[in-house]
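Mind looking over this structure? Questions follow.
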Amino acid sequence: MLEEEAAYALLDVSASSPLLMLGLPKGSLEESTKNLFAKAGWNITTSSRSYKPAIDDPELDGRFVRAQEVSRYVEHGFFDCGLTGYDWIQENGSDVVEVCDLIYSRASVQKSRWVLCVPESSSVQKPEDLAGKRVATEMVGTVKRYFEAKRIAVDVEFSWGATEVKVPDLVDAIVDITETGSSLRANKLRIVDTLLYTNTKFIANKASWSNPAKRKKIETIAMLLQAALEAGSKVGLKMNVPKANLDEITRVVPSLRNPTISPLSSPDWVALETIIDEKVVREIIPQLKTLGAEGIVEYPLNKVVY
Amino acid sequence: MLEEEAAYALLDVSASSPLLMLGLPKGSLEESTKNLFAKAGWNITTSSRSYKPAIDDPELDGRFVRAQEVSRYVEHGFFDCGLTGYDWIQENGSDVVEVCDLIYSRASVQKSRWVLCVPESSSVQKPEDLAGKRVATEMVGTVKRYFEAKRIAVDVEFSWGATEVKVPDLVDAIVDITETGSSLRANKLRIVDTLLYTNTKFIANKASWSNPAKRKKIETIAMLLQAALEAGSKVGLKMNVPKANLDEITRVVPSLRNPTISPLSSPDWVALETIIDEKVVREIIPQLKTLGAEGIVEYPLNKVVY
Amino acid sequence: MLEEEAAYALLDVSASSPLLMLGLPKGSLEESTKNLFAKAGWNITTSSRSYKPAIDDPELDGRFVRAQEVSRYVEHGFFDCGLTGYDWIQENGSDVVEVCDLIYSRASVQKSRWVLCVPESSSVQKPEDLAGKRVATEMVGTVKRYFEAKRIAVDVEFSWGATEVKVPDLVDAIVDITETGSSLRANKLRIVDTLLYTNTKFIANKASWSNPAKRKKIETIAMLLQAALEAGSKVGLKMNVPKANLDEITRVVPSLRNPTISPLSSPDWVALETIIDEKVVREIIPQLKTLGAEGIVEYPLNKVVY
Amino acid sequence: MLEEEAAYALLDVSASSPLLMLGLPKGSLEESTKNLFAKAGWNITTSSRSYKPAIDDPELDGRFVRAQEVSRYVEHGFFDCGLTGYDWIQENGSDVVEVCDLIYSRASVQKSRWVLCVPESSSVQKPEDLAGKRVATEMVGTVKRYFEAKRIAVDVEFSWGATEVKVPDLVDAIVDITETGSSLRANKLRIVDTLLYTNTKFIANKASWSNPAKRKKIETIAMLLQAALEAGSKVGLKMNVPKANLDEITRVVPSLRNPTISPLSSPDWVALETIIDEKVVREIIPQLKTLGAEGIVEYPLNKVVY
Amino acid sequence: MLEEEAAYALLDVSASSPLLMLGLPKGSLEESTKNLFAKAGWNITTSSRSYKPAIDDPELDGRFVRAQEVSRYVEHGFFDCGLTGYDWIQENGSDVVEVCDLIYSRASVQKSRWVLCVPESSSVQKPEDLAGKRVATEMVGTVKRYFEAKRIAVDVEFSWGATEVKVPDLVDAIVDITETGSSLRANKLRIVDTLLYTNTKFIANKASWSNPAKRKKIETIAMLLQAALEAGSKVGLKMNVPKANLDEITRVVPSLRNPTISPLSSPDWVALETIIDEKVVREIIPQLKTLGAEGIVEYPLNKVVY
Amino acid sequence: MLEEEAAYALLDVSASSPLLMLGLPKGSLEESTKNLFAKAGWNITTSSRSYKPAIDDPELDGRFVRAQEVSRYVEHGFFDCGLTGYDWIQENGSDVVEVCDLIYSRASVQKSRWVLCVPESSSVQKPEDLAGKRVATEMVGTVKRYFEAKRIAVDVEFSWGATEVKVPDLVDAIVDITETGSSLRANKLRIVDTLLYTNTKFIANKASWSNPAKRKKIETIAMLLQAALEAGSKVGLKMNVPKANLDEITRVVPSLRNPTISPLSSPDWVALETIIDEKVVREIIPQLKTLGAEGIVEYPLNKVVY
């Protein structure tokens, strides 16, 4: 009997009256959301029925719902706060507080965007060419508003899935989400226009945000989620450097921002320690070696708060 | 041929004459036991036949047997030491040395316990109400002794598994293990009494414990297993703090126990580093920020020995 | 559509003109190669068709081919550099630059070797006893050259797999790879001779090595791969020690190589920090405790460059 | 290369110009649809991209789309015919020909139905009690029409999934599909009203149905799909019976409909063979034994056409 | 919601008051038991909690318990009848009716048996040599009675699993179940004595057996389970044979027991059809061809009742 | 212990001295080979080490080796007979008896063939255009002989796998196996020439074939393997037809070859039964209905011998 209980163990602790109800995105974002909260300091565990998780904080309760629905129920007030995409806040037209962005800081990762696409071989070159045609999408409201604003009469239909294979057989164009465009290319699609850029947001209900106790808790969660995200692309780096080269090193390697410099027992050397973007390490270690650094060590981080 | 050999590679090193034979729990605890030893510094690898593992220490050999049987074979002397639960030491009545507890220090995790349960709707309110009835359990000896001590005549039968579904159809009550009681609630069971609290123990054979060489090795293993367990719920935390606020910080945040404070090149700031319970980090980071700390970084640990 | 794109996202960045083409080993070494590069600082992602990976460095492109073929295509010049085993460089007789070894520094891991084996019960005692018989192997060229050098007439046939089960039914002897010999023992085989020791090498095309820009990039990759490998068997260790015992500690525990010693606020104590082989930690922590060290903490590393 | 090709092999045969384009339901019905067609005589194979299957009939091509969308694209004419549920034909308001039902004839299987549900403990007893409240469902159109017909003002919102867990937290009532009501009971829901009964239909585009060649092919497919479905709940039964008891047997066991009776070499016995509902076999075999039948054999069937 | 319901659908039908409660073996026999009942005519479906199955017969209900416990609860009367092994009826000393054996008729399959084993190299040659030693087994009662009957003092201990690896390290001998002895040989064990032969039995509670309605249902189930088992090793065979050779064929091929011979339109030929052991088909088809049979066809069977 | 034994059970029966040693193809053909033998009447069971299977026939023993190697060891005499492809018999130049083809009779399945391919965009149009270039293949011998016969100087290199992705990056052309050409098209390859058609063969050692006892057994196996293959694409079909239409039916539906026509109790009807290619059933059932056939039933077959 013991094993099945793990997921529920801490739920019981919080049986009293939690301060905040959290809206969490179910499905493809579920695992990464749980991992992000774990790094931030909260264990969210779900049993096979993933709707109602256990959270190891008596002040928190939560529910997993579809990402598309989180903002709706934050606005209605069932959730005090929640994670969802900017796209679905817009599609639902939800009146909520956008507390902060939750984006990975890696430079190379581009923002996702919703794009209007046609087959590469299509004669359609601009939105106007779609007048009188059919467009499939999961964001019917946004797409209808887009064409109405342009005064183009288009038949927009809801797509239940696999939107990208629907052109040209089933519809004339689609509006779908893409990050780099490579999946579009794989389906031989061409982008005609971009309707919306999106990323994950931490949002709050307006009344909850006005309540000082709730707002303080929401801000704490936001700070720690960002600290965990930040740590995901950062590493700790420490090394011993000859005092003589210290200036040159910090000049030549500007990404060594605000290093902690501590004395060592040997007076000619100092210990230099800093937090640095993981992506630049592969470039600066050769430089540091050249400048006389020794015992260079990189170690992983859980959280970073500047 | 190469790939299959990995598990065996180090076994051969220890082909000579290991100092200690280790009793390890097979089954649901097998993976976590191997992970704990790995963090403590020993790689225990098993092939598909998991009885005889390979350990990368020429002084150690071991066998995986059922947790219920470890104490029996430690007492008999085939094992010098081993890991098992306090419950099965009691059930077997094994005469062994209890070297140390191996428990996770997380406050919220409760001890497991063996409880006497009946259906929620049963008229049974106290052990005496079970006189003349049938009770199923995996710990027949302990349960029989419990009822004999209370002079209640009960038919105790061995349960081969799935004990929690047996009431009320097959028996009138069960004695089963539980951590938080939630699985009991899911099966609509009510706790009538608690027979035994239990947790994992590191135990030793009495003769082995009297042998100085073996005892020293046993104590080393115990120390490192505990260091690894301790590290599981701890993290490292470092930050720069204004010298002016140092006293207030250490006063306001008492969990920052015995921090290591090092000078920095800037005379108004010091570097503060400490080991802290992972669970409190989410509470004190906001406080530290308020008190002027900067560059707060949390990093993971492998072992902690105070 | 979004999810499938992850693997391709960064590939597009490098669509311009990468500096180096990398030869990567497919199959059993694929996962570990990707993990090693990730620790070194490059994310190599593959979709279900694993031939053409995405690498998050605009200066790098790569392909996954069978380990047996990497050196062939490095020599031909399609790859500028690559990872493969010394054995296949030899078997292919490839004329390439061996940039560095990529071996795990753990003392207990032995080098792999190709051995000539017969059934335990065979009358064959030395290579000469195989005159006129049949030998199966995956390294036909190497084995033929071996017997020719000894002027022994043997029928060497290519083995398509499962070489170790072929004696004595199908052939009289085999030449196969082994690490510790335990798989050989499991198949009741006896080693008659060792033909070749092998380990992973980072190799380069001769023309690429002569090109200064390419060579610099190759050397950077080599340095960081080695830094990541080194970190795999090392850990960080820090502790507070009484100043009075500092000499004795560094004398008694010689593996504490070149520790960083920093002053603490308490004048009688210093902070000692070092990088150490993970395998010796289990032995020196008890010694350190005996010598008065406190707050001993072990933490994981990503990269180590001396 | 050979293995991956299997799925595509027959597609090439049909590269010319198929007569009919078939709309097939993707997702949970995909496997059972492929199995049903296989029993009917057509192998439909899909590769990992399941949109475009291969069908071993040069006159057929097909696409897998979501069951919710099949009727829309049959109506639009991209598909000549297709399989979908009656519910989604209604929700989409599709103007198509309903060629035949495709239902399993097993008596005990009830029709699925869309029901309006509230929590067991809700005060809502009839649809009217939901005035001014919120209802979640995947069939927004049908549910809106239902409430409009009753002149009840209700806020109907689209549910992206897991509808059954939404009451009472997120909405006041749901409209969901159920077969036996047991999942509703598991979620502690109470049925307030039934909106729609549904089962799988084979449908056709109106123009395709008017085309004699296409209609003939559609009818052939319909006949064989029904033959395969019929065979799923039927078995062949044969036995030898004494001529003297033949009348009594066919009288007592009326489910032995129209048996084929053939002479045997022994003039006092005849061979009796029939097709029978699999569910009644367990009841009539004891009766047949009592009436002197011998050598009773049951065998499986692939297709049954009366 | 629909998909999860399948398993429960028919349970609801039987919500009234079933005639019989069936004890079914959980674990390794669970799948084969469900398959056997399916062939016999009853669908037993289990959800993830496999204790309480759904059976598509309003007269039947059932529970899955460990095979070791079935006879205990049949005797106690909770089950009217059940499937279990003869070994566990004996070990539990259960007073039940043995309705019939459920054994596969394939000649080559030997009965399972419980055997007393020692390591091949042990000096133990007969049970008496184990005096004063330890024996591990899952059938403690049976083994104790065995040694008591022989007046040999042995310490018999309960084995929680993996009994076969316990000698010689942990105990001196074991009593374990074996079918062909090959697993014993793989573990280098030698059989000293056989304690018990066993096979699956269909058993009934004595009171249920005395109740005519229950007994009739129990006998029907027994007949159909046996019919399904019988069909597992039988096939149907039919062919056309020249009338002239008919006598020789039935003489030469005696396994063609009681064939059904029917006239054909051609007066010189007859159709011969029979049910035959699947194992002999590979021997007699060549003989039949030699004797002039044509159009020989073998087909599968679901049930056979002679 | 019991469960693991299943695979070995029958092996023991054959411990004496089998008549024939069978060479079986390991890897992708392993499962289908075991299924084919099972349908033919022999159970071949393998444990996790699949080299040495158990076969339930005391006259047979066997080994699983790579398909590429079967003919080599049949020629050498370790195997008396075996299954392999015609391609590998050719590549190995093995001097063996080709007993029979083992091909599925389905009309639509084309023979596999080894083809010389280049990238679609390559300028190579005929084999001669490859003079001086490199070609990768798994069949080095066959390809070398092909180019030598044409007196074209080409560098043929052994491909260790994934041959189809090697052009144009790594080599100029490949020789690979294909069935329908669709995988080639997916890799944008163009066929330049076909070197070899191939299918599965049952082959025998020449000496074994000369031994009358062995040859008789080999011929029996061949007959039953073919009977099982034949049954895979055939079904049984039976129906009742009006005597009046019998001639027309057998004339109109010529695939109803040699039906068995039996009298029925009703003098105006006859029972018609036949074995028919499964692929034509979907075409003739509508015709049969039109011609008055009733109670049309299709049933599966295990073996067919004409």
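Should a chain be cited, it is by its letter among A, B, C, D, E and F, assigned in written order, with residues numbered from 1 in that chain.
One rule holds for everything that comes next: a residue touches a chain if its C-beta (ideal position, glycine included) is under 8 Å from a C-beta of that chain, and two chains touch if they have at least 3 such contacts.
Because the structure is predicted, anything quoted here is derived from the model rather than measured.
Peer 1: Quick one: how many steps at least from chain A to chain F, stepping chain to touching chain?
Peer 2: The distance in steps between these two chains is 2.
Peer 1: If I superpose the C-alpha trace of chain D onto chain F, what rotation angle comes out, expressed in steps of 5 degrees from 0 to 180?
Peer 2: Resulting rotation angle: about 120 degrees.
Peer 1: With centres defined by CA atoms only, which chain is the most remote from chain C?
Peer 2: That would be chain D.
Peer 1: Can you spot which option in D-F, B-E or A-D is basically E-F again, with over half of the contact pairs the same by residue number?
Peer 2: D-F
Peer 1: Provide the C-alpha centroid distance between chain C and chain E, rounded to the nearest whole angstrom.
Peer 2: Here chain C and chain E have centroids separated by 52 Å.
Peer 1: With centres defined as the mean C-alpha position, give me the chain A-chain E separation in Å.
Peer 2: The answer is 57 Å.
Peer 1: With chain centres taken as the means of their Cα atoms, state the distance from chain C to chain F in Å.
Peer 2: 42
Peer 1: Of all the residues in chain F, which ones touch at least 2 other chains?
Peer 2: Answer for chain F, listing residues that touch two or more other chains: 262-263, 299-300.
Peer 1: Output every touching chain pair, sorted by label.
Peer 2: Pairs of chains that touch one another: A-B, A-C, A-D, B-C, B-E, C-F, D-E, D-F, E-F.
Peer 1: Please output the residues of chain D touching chain E within their complex, sorted ascending.
Peer 2: Contact set of chain D toward chain E: 28, 108-110, 112, 163-164, 176-184, 235, 240, 262-265, 271, 278-279, 281-282, 285-286, 289, 294-300.
Peer 1: So in the complex, the part of chain E that touches chain B is made up of which residues?
Peer 2: 26-27, 49, 51-52, 63, 65-66, 68-69, 72-73, 76, 78, 157, 159-162, 165-166, 169-170
Peer 1: Spell out the residues on chain F that touch chain E in their complex, using ranges where they run on.
Peer 2: 1-6, 8-13, 40-42, 56-57, 219-220, 223-224, 227, 231, 236, 258, 260-263, 270, 275, 299-306
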